[in-house]
Amino acid sequence: MSLVIKNLHASLKDGHEILSGVNLELPSGQVHAIMGPNGSGKSTLSKVLCGHPDYIVTAGSAELDGQDLLSMTPDARGRAGLFLAFQYPVEVPGVTNANFLRAALKARMPGGEELDAVAYYKRLRTVMKDLNMDTKFSSRAVNEGFSGGEKKRNEVLQMLMLEPLCAILDETDSGLDVDALRIVSQGVNSMRAPFRSFLVITHYKRLLDYIVPDVVHIFHRGRIERSGGRELVGYIEEHGFDFLKEEDA
Amino acid sequence: MHASDIESVSLPTRLNEDWRFGQPHIRAPQLAELIDRARQLDMDGSALPDGVQLEECTADVLPTVGSDALMQRALARLKRGHCLKIADGSHLPQPIVLRSEAHGAQVQYLRVVVGAGTQLHLIEEHAHNENSMLVCLRHYELLPGATLRLEQRENGSGCSHTLCVTSCSCASDTRLCLLSTHSDFTWARHESTLNLTAPRAEALLLSANRLRGKQCLDMRSLQLHSSPECKSRLLCKNVADEQSTAIFGGNIRVQPRSHNTDAYLSNLNLLLSPHATVHSLPMLEILADRVRCSHGAASAPLDAEQLFYLLSRGINLADARAILSEAFLADVRLQFEQF
Amino acid sequence: MSDKLPTVPPQDVRGDFSFPEQHAYDAGYGLTENTIDYICDAKGEPDWLRNFRKTALDKFRKMPQPLHWAPQEIAALDFDKIRYYLAQGIPARKSWDDVPDDVKRTFERLGVPEQERAFLAGVDAQYDSETAYKNMREELSKKGVIFVNPTEGLSEFESVFRPWFGKVIPMGDNKYSALNNAAFSGGSFIYVPKGVKLAQPLQAYFRINSESIGQFERTLIIADEGAELMYMEGCTAPKYDSATLHSGVVELVALPGAKIQYVTVQNWATNVYNLVIQRGLAMQNAEIRWIDCNIGSGVTMKYPAVILQGRKARGEVVSISIARDGQVQDTGARMIHAAPETTSNIVAKSISIGRGRASYRGEVRVQPGAAGCRNHTECDALLLHAESRTDTYPAISVHGDSSGVQHEASVSQVDEEMLFYMQQRGLTRAQAMSLAVNGFINSLVNEFPMEYSVELRRLIDMEMEDSIG
């Protein structure tokens, strides 16, 4: 699915503006990366796209395949095919991973239809195996007591199971060691398809060595300051984000 | 107040939940009798700094935690109370110290008004003489933006009794830290009511007490959140040795619509003797959602591993116990100093 | 949301239906000496029991309702507007085929005979004041297990039950125990002989059918040395406009080394006052666990207790309460450590929905002479709406310097970040809320026997749908 963001402004409830006119066109089938310094508003963008209640959109639009995202509830956006791999995945005590995913899958099915439990468990075990996850994680409460790396892997598991059409990965690489990074990236790459798009938010080049982006955007002061090909990644790795400050001056 | 009015407010009985474990059937009649012939305890306001006045005032009714009848009786004995007023915007670098000494049966009423934006460190110290009984009624009013660090030191002398009623009323953006200590009483009861009446009021209530012999300390508190966006913390620590009894009853009450309340209450007791007793009643009454409220209570002996560690360093048992129980109470004072 | 599918056919878990009354015995409204004579005559009770009941009535009349601490809603309970004995005048049947048709249909609708076939060792099905059906697997009778109603227990097995009858909960313990002692009818008297371990649970099902009735079940369970059993009780009633009263007394005696688990799933209609006293006596090395779930009733006051009477006895209370609009769930636990090295555990979770009020009231006491005791108590409350209310009133008394007691309580609401996370995955807000609430009590629901936990989850899901869906 394509994601088109035009002049998007969003503020906190106290009026403090975080997004100041984001413009982005992510065509179906492509992977775009967003890089930028801490506090530039990258994570806010992902939350606003998913309808987080802490933010108020003050101007602009965001469309998923021409469908207005901003007028939809967070769960309707999820069912429409938008997926966010959270930077800080939330713990849901007492609800097992298996039950949670099953509820999420069931929510995507037409009313009255039942999920085939046997097929579901079979698929869950296969995907967990691909991600090198111990199957005992399926009966543990969602993210509860998981290490940072386990939580990130769990986000990718959910993505693979829910098969979104537009996935946002918010610093999914942080907290992962090299092996985990490779496994997670393989998972993402296996999902790349002409009908699917990815927005990958990261600080580091190393993730983009595995998940190769079509376009790279530099985020700064609540908007996209610069866009380019993958050569931008190497430039930033070498020079950092200081050039943005020079531009400020 | 007329005598007939006093009679109409009944003394605490066993049916009074706020006196549970407090022996109301024995204590309350004794106290009532002593209060009825008590004298007023005066205060000396001669050496106060500029901007601070101690003047006479009417003694008004205070909220209590179960001793309404006794407070009413004490008010009836008092002609006038004292009021300490600190002007708005004062900054007093040195603490103000109020000392008084109780002989026989006495009652005292003090009202403190901390002006808007004022910062004050107040130390109140009562020396209670042998065979004295003091009823001490105190009301603190923090005007918007005021900060009060308050120490209440009640120093008994073996055979003394006291009933303290403390009421704190905090306006918006105020900060209050109260440390109360009680030592050497045959019997002491302390009731404190904290009312957070406007947003962003913050209070830390601390108490640390050491009991021995047949002493009994009965502490009751109410943290009343009547406004949203307020924060209160209470920590009461008691060390009970020999045949002493420590009672703590505390309640956090969050009134309807007082959302975003953050309240905590903790009562920790260290039992040092096979004949010591502690009673702990930590309560919550929550009538609003979007709140963070919790409480904890723990009563335990000295940690055997810690004790062994000290002994292995050549410290004798008595000293080791003293060191560890001192350490148990020390962080309360530390919290006061860090406020 | 369990991974396993229920093994029992679907039941009418809410139980809001009734049949016309067909009572041969009706003691009418109010409780007097005459009512007691009527009950004693109907049951053919001996004189000592008649006098016992009348002494209890006298105590009941003299005691006030405990309004100085109890929820004020009980003030509205008018004991003169209650019917104290309603029975069809037929002894309890051992076969469902012999049970009167309407009564049988009631219990079939509630799934009781199916459950019995599936996983129970024995069933007592009480309809209004008397037991309609009572049966136990034959091999258990051969082992000497006794499973009878109180009348039989105190006549045919007097030497077994009378020594313990009213000993764990004395007649004058409180107003409601006095009331039960005066008017009790129905319930179970159980004796499990030395070393006998019941592999399957015994179950009692309490059904109120008639309006304005007072149901005063009386249960006494004695587990002899080393014996083990699990007892479960379920409760339902149709919703009437007038108040009905369920005031049971349950006494457990766990002799040295015995284990008793007592499970309650209470789902009365909201016009029911549920005032129940449950107390167990645990002797040396014995263990008593109360697993308690309160979903229904208008006002519930119930604080299962264990008196740890013998060295190394263990006690546990696991409690779930759900208070919806207009409901008061005043529940909790009591642990009395009367012997050395006794241990106890309390875990209580409550959910307040709408204007519902859930309170935890607890007592933990370490008595003089009880050295080396341990208690851990944890109470968590979840508030779902702005007008919801929760209270916590524990009282902890510790004597001596060798016991450790810890109490923790917290109040929270469903975390907004958690809801957003689940909504992002496509769940509606109501589904996310329901999942979060289920998660909150999940660890405790698992304490219930499998067949009950399935029902419990279904019941909770239904409540969630009604209140937030």
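By written order: A, B and C. Residues from 1 in each chain.
In this text, a residue touches a chain if its C-beta (ideal position, glycine included) is under 8 Å from a C-beta of that chain, and two chains touch if they have at least 3 such contacts.
In this text, all values refer to a predicted model and were calculated from it rather than measured experimentally.
At the centre of the protein atoms shown, by the Cα-centroid criterion, sits C.
Taking the mean Cα position of each chain as its centre, A sits at the greatest distance from subunit B.
The chain pair with the larger count of C-beta pairs in contact, out of B-C and A-C, is B-C.
Centre-to-centre, using mean CA coordinates, subunit A is 53 Å away from subunit B. Subunit B and subunit C have CA centres that are 41 Å apart.
The distance from the centre of subunit A to the centre of subunit C, with each centre set as the mean of the Cα atoms, comes to 49 Å. Subunit C makes touch with subunit A in their complex at residues 1, 3, 415-418, 420-429, 431-432, 435-436, 438-443. Here subunit A touches subunit C in the complex through residues 50-53, 73-75, 77-79, 83-84, 86, 89-96, 98-100, 103-104, 107-108, 139, 141, 158, 162, going by the rule given at the top.
The touching residues of subunit B, when paired with subunit C in their complex, are 15-17, 20-21, 256-257, 259, 269, 271-302.
Within the complex formed with subunit B, the subunit C residues making contact are 68-69, 368, 371, 381, 383-413.
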